[in-house]
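Chain naming follows the written order as A, B and C, and within any one chain the residues start at number 1.
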Amino acid sequence: MLRLEPRRRPSKLMLGLTPVLAVIATMIAGGILFAILGKNPVEAIRIIFIDPFLDPFSRTELLVKGAPLVLIAIGLSLGFRANIWNIGAEGQFVIGALAGGATGLAFYPMEGIWILPVMAIAGAAGGFAWAMIPAFLKIRFNANEILVSLMLVYVAILLLSALVSGPLRDPDGFNFPESRLFHDSATLPIIISGSRAHAGVLVALASVVIAYVLLNRHVLGYQIKLTGQAPKAAAFAGVNANRIIAICLGTSGALAGLAGMFEAAGPVGQLVPALPVGYGFTAIIVAFLGRLNPIGILLAGGVMALTYIGGETAQLTLSLPAAAISVFQGMLLFFLLAMDILITYRVRIRRTEVA
Amino acid sequence: MDFSALNPIALVASLVVAATPLLFAALGELVTEKSGVLNLGVEGMMIFGAICGFAISVESGSPWLGLVAAAIGGALISLIFGVLTQVLLSNQVATGLALTMFGLGLAALIGQPYAGIKPPSFPKLDLPVLSDLPVIGPLLFQYDYMVYVSLALTVGIWLFLTRSRAGLVLRAVGENHDAAHSLGYNVILIRLAAIAFGGACAGLGGAYLSLIRVPQWTEGMTAGAGWIALAIVVFASWKPWRVLLGAYLFGGVTILQLNLQALGISIQSQYLSMTPYLVTIIVLVIMSADRSRAALNAPASLGRVFHKTG
Amino acid sequence: MNFVKTLAVAATAAVGLTGAAFADGHEKTKVGFIYVGPVGDFGWSYEHDQGRKAVVEAFGDKVETTYVESVPEGPDAERVIRQMAQSGHDLIFTTSFGYMNPTIKVAKQFPDVKFEHATGYQRADNVSTYSGRFYEGRTVIGHIAGKMTETNKIGYIASFPIPEVVRGINAAYLAAKKANPDVEFKIVWVSTWFDPGKEADAANALIEQGVDVIMQHTDSPAAMTIAEEKGIYAFGQASDMKEFGPNARLSSIIDNWGPYYVSRVQAVMDGTWESTDTWDGIAPGLTEIGEFSDKIPADVQAEATAIKDAIVAGELHSFTGPINKQDGTPWLAEGETADDGTLLGMNFYVEGIEGELPN
């Protein structure tokens, strides 16, 4: 019979090999799906996985789509390492966009290079404050942060919808529920001309580096990891658990808020009710696919972005239904999550012992 | 304002219909969570149940067969989650989210030929004399059968969890899987069963939507009901009776809001729509603040990975 | 089609070869559509896709059409529009209000590609806007509703208080009131375009209040299904919805985009496409009134047909004075008709409608 045996240390080989295996398995399963739908499977797979790299615009769009995922996932991964489960990043994203966007609109039509930094601070502060609600309730009342942060997602989305149909509505917009377009000083600069890749991409990359240094070189990173792996030992070593909760939730909230503000002031350019498209939830998957490791998250964010952009292209060129892409993404995630086990466990074949 | 135009009997009747899909899904999730597993894929399982139930009803002409298919479909898709998290030890939060994505897509693919078709209609309870009683009749004896099934399920789960040995074992597994394992219980098998049960219930909830409440198939028709079911479980502090209360409260808020509008009372609906979520948080805080009581309700191993060593 | 090859085609187009190719009709005209919902929603996106199919039927081999469905009105819209623009499309229809700013942005970068944005108000040299005067249809079905209600209560399931929706309510109310002075409107805002469960609940709530005719301005056929079940009347919205309520359905307002799409594609083929602002009603066929149910008495059918014919002939405007606003302030004097500007930004109920307009 097959049996799982823990490895003494995670396998380096499998660390690199499992994502490849998962992608291959998805290609086979997805190919079968596409063939059933009457499409050429080889072409469909190529369009999803290869074509986005061949086209310069799609390449920059990978950055646009991947940046918020990476930024949010980096924040979440800190908490997840300490067993603090913020699954309300979507809500923090929305509040960050609202706070940052409202700040930008408040300064309309003033000019100045100081406006964007102020908006970014407001966005991060908004996300931070929204995340401090579950943090406070957990520290003070022991309330489960998974559930509080999830509930707050709906509150945040409804708040956005209420505000853009009310006080933040575009005065010249024929009563449509959306804000006016941000003016130039409140719009993120583009880093690759002719694309939508905005300054937020650089911040996302910087967050990867900072998280890497924090986790590997800084005592706080050590404390976070210790809290997750051995809470009792951490307490014994003098780690203040409440402080770690506040730091982890606060950081992830601030980064999600920042991502929300970047999204509003970058690719969208205004506040609209449809701003949240699930980055906060997808980032949870990205964090785990990246095994909570900053470099892994960067790669995982890239893969997720690839399936979105490749999926759109496949819809466009092969008339695949959107639902097929969603099934395909689900399969990819299942395979990636399933194969992870090979890293920390080895599969042993053992004959059933005869008693 | 003429509040007398609000007919409380009819209000209750529509509240029950709106709440029943939530009740099914939340009851299932309750059992899953009691075994220590957090499955965030309720939305995906519901919509998959909705299309399985709809498709089989239409093909077979029997709504009952459809409901059976919905339960089986929900259980099967939940077992993808089960195998990944229990056997392959993947993270429950991430796997649950992936399940939602997968379920929504798969349901939409299967459902393409079923848009615009009317399903066979579902029988309602019609007891001689009782159903015709004034007030009591429409209040108690005139619903479709699935409403009574959902109520029976609430009682059944309550009895199971509090009065049966199997329920005790399930709770033990959710409370401390290592201890349960050392007592000789098969933690993985028990959890897989709880996950499949949760999936079956979510599937029934979805099918209630597509076969009874709306009745039609349209892509994405669950529109977030699965997430509300998750909230209800917490709101209920993992107790079946409070799940019933929670589902009826959530259903009630929606129905009351629509009915008040129909009466001509205007309300800023976004702020009103926030209230169930805020109330859930408050309930959660009150419950959790009392640590001794909270410990009795929330399964201690919720969301934690179990692997037997040795 | 290979993406790289597509790019090559786009590149040649930029050099100017394709323009000539169109004139003599050797190369296929490539037309793209972007939908906000799934094509299976049986409402808004479904009807736009019917329009796409009409284009295919009209031009056969001379066109190639593509579409992307369920594109959220957020950050992804611009990418999808742009991918279409750079993959050799000659004409792109962006079919939801939320695509307005992304469409304008992409259009600036692709001056040779023609864009058509539905229901918006911003145009450019290569961006047209188009929409339907669906309120004209509401005048016709409002009349039928007024005549058919026995309880004198008409229910209206509304999505969001944007001008388009408010206009529809006002037009329907004015027509119903004229047909039946005792009529009363019960309006429920569901804050969603598409949530079958909630729409069904709203229909039930209205029926509970004694409503026996339901109109809707949401996308799913849920209310029609409920009307059928409860034995009352309803109207199809966006698509005919007959299959959901064979007995309940009295008529419908159908968004018939086909003829418009065909004419615009033709214009691109002929090289006569210009940026225009189209707001077409019943006369040009963009707003279509679905077949009358035989539940409607012959005289009412005749009246409704007469109203429709008068609108088509330009003799009747849905908003003809005297009309006061809800608070009693005069809006239109005797015989005066509403100007398009006011209609496009309409944010008030007309006199007689009860309840406050949310905002």
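Rule of thumb we're sticking to: a residue touches a chain if its C-beta (ideal position, glycine included) is under 8 Å from a C-beta of that chain, and two chains touch if they have at least 3 such contacts.
Everything quoted here is computed from the prediction, not taken from an experiment.
Peer 1: Leaving chain C out, what are the touching components among the remaining chains?
Peer 2: Once chain C drops out of the picture, we keep one piece.
Peer 1: Among the chains here, which has the CA centroid at the largest distance from chain B's centroid?
Peer 2: C
Peer 1: I'd like to verify one number: the distance from the centre of chain B to the centre of chain C, where each centre is the average of its C-alpha atoms, in whole angstrom.
Peer 2: 36
Peer 1: Between chain A and chain B, what's the gap in Å when you average each chain's C-alpha atoms?
Peer 2: Going by mean C-alpha positions, chain A sits 28 Å from chain B.
Peer 1: Give the residues of chain A touching no fewer than two other chains, as numbers and ranges.
Peer 2: As it turns out, chain A has residues touching two or more other chains at 161, 165, 321-323.
Peer 1: For chain C, write out the residues touching at least two other chains, lowest number first.
Peer 2: 38, 191, in rising order.
Peer 1: In chain B, which residues are in touch with two or more of the other chains?
Peer 2: Those would be 108, 112, 219, 268, 270, 273.
Peer 1: Can you check the complex and tell me which residues of chain C touch chain B?
Peer 2: Its residues touching chain B are 37-38, 40-42, 155, 186-192, 194-198, 200-202, 204-206, 208-211, 220-222, 225-226, 229, 243-244, 354-358.
Peer 1: List the residues on chain A that touch chain B in their complex, please.
Peer 2: Residues of chain A touching chain B: 4, 6, 37, 85, 87, 137, 140-144, 146-148, 150-152, 154-155, 158-159, 161-162, 165, 281-282, 284-285, 287-289, 321-331, 333-334, 337-338, 340-341, 345.
Peer 1: Write out the stretch or stretches of chain C touching chain A in their complex.
Peer 2: 1, 3-4, 6-7, 32, 38, 66-76, 78-80, 82-84, 86-87, 97-98, 101, 105, 109, 121, 160-163, 191, 344-345, 347, 359
Peer 1: Given the complex with chain A, which residues does chain B contribute to the contact?
Peer 2: 38, 40, 80, 84, 88-91, 93-95, 97-99, 101-109, 112, 219, 227, 230-231, 234, 268, 270-271, 273-274, 277-278, 280-281, 284-285, 288-289, 291, 294, 298, 303, 307, 309
Peer 1: Of all residues in chain A, which touch chain C in the complex?
Peer 2: Touching chain C: residues 47, 51, 54-55, 57-58, 61, 64-65, 161, 165-166, 174-178, 181, 194, 196, 263, 266-270, 272, 274-277, 308-309, 312-313, 315-317, 319, 321-323 of chain A.
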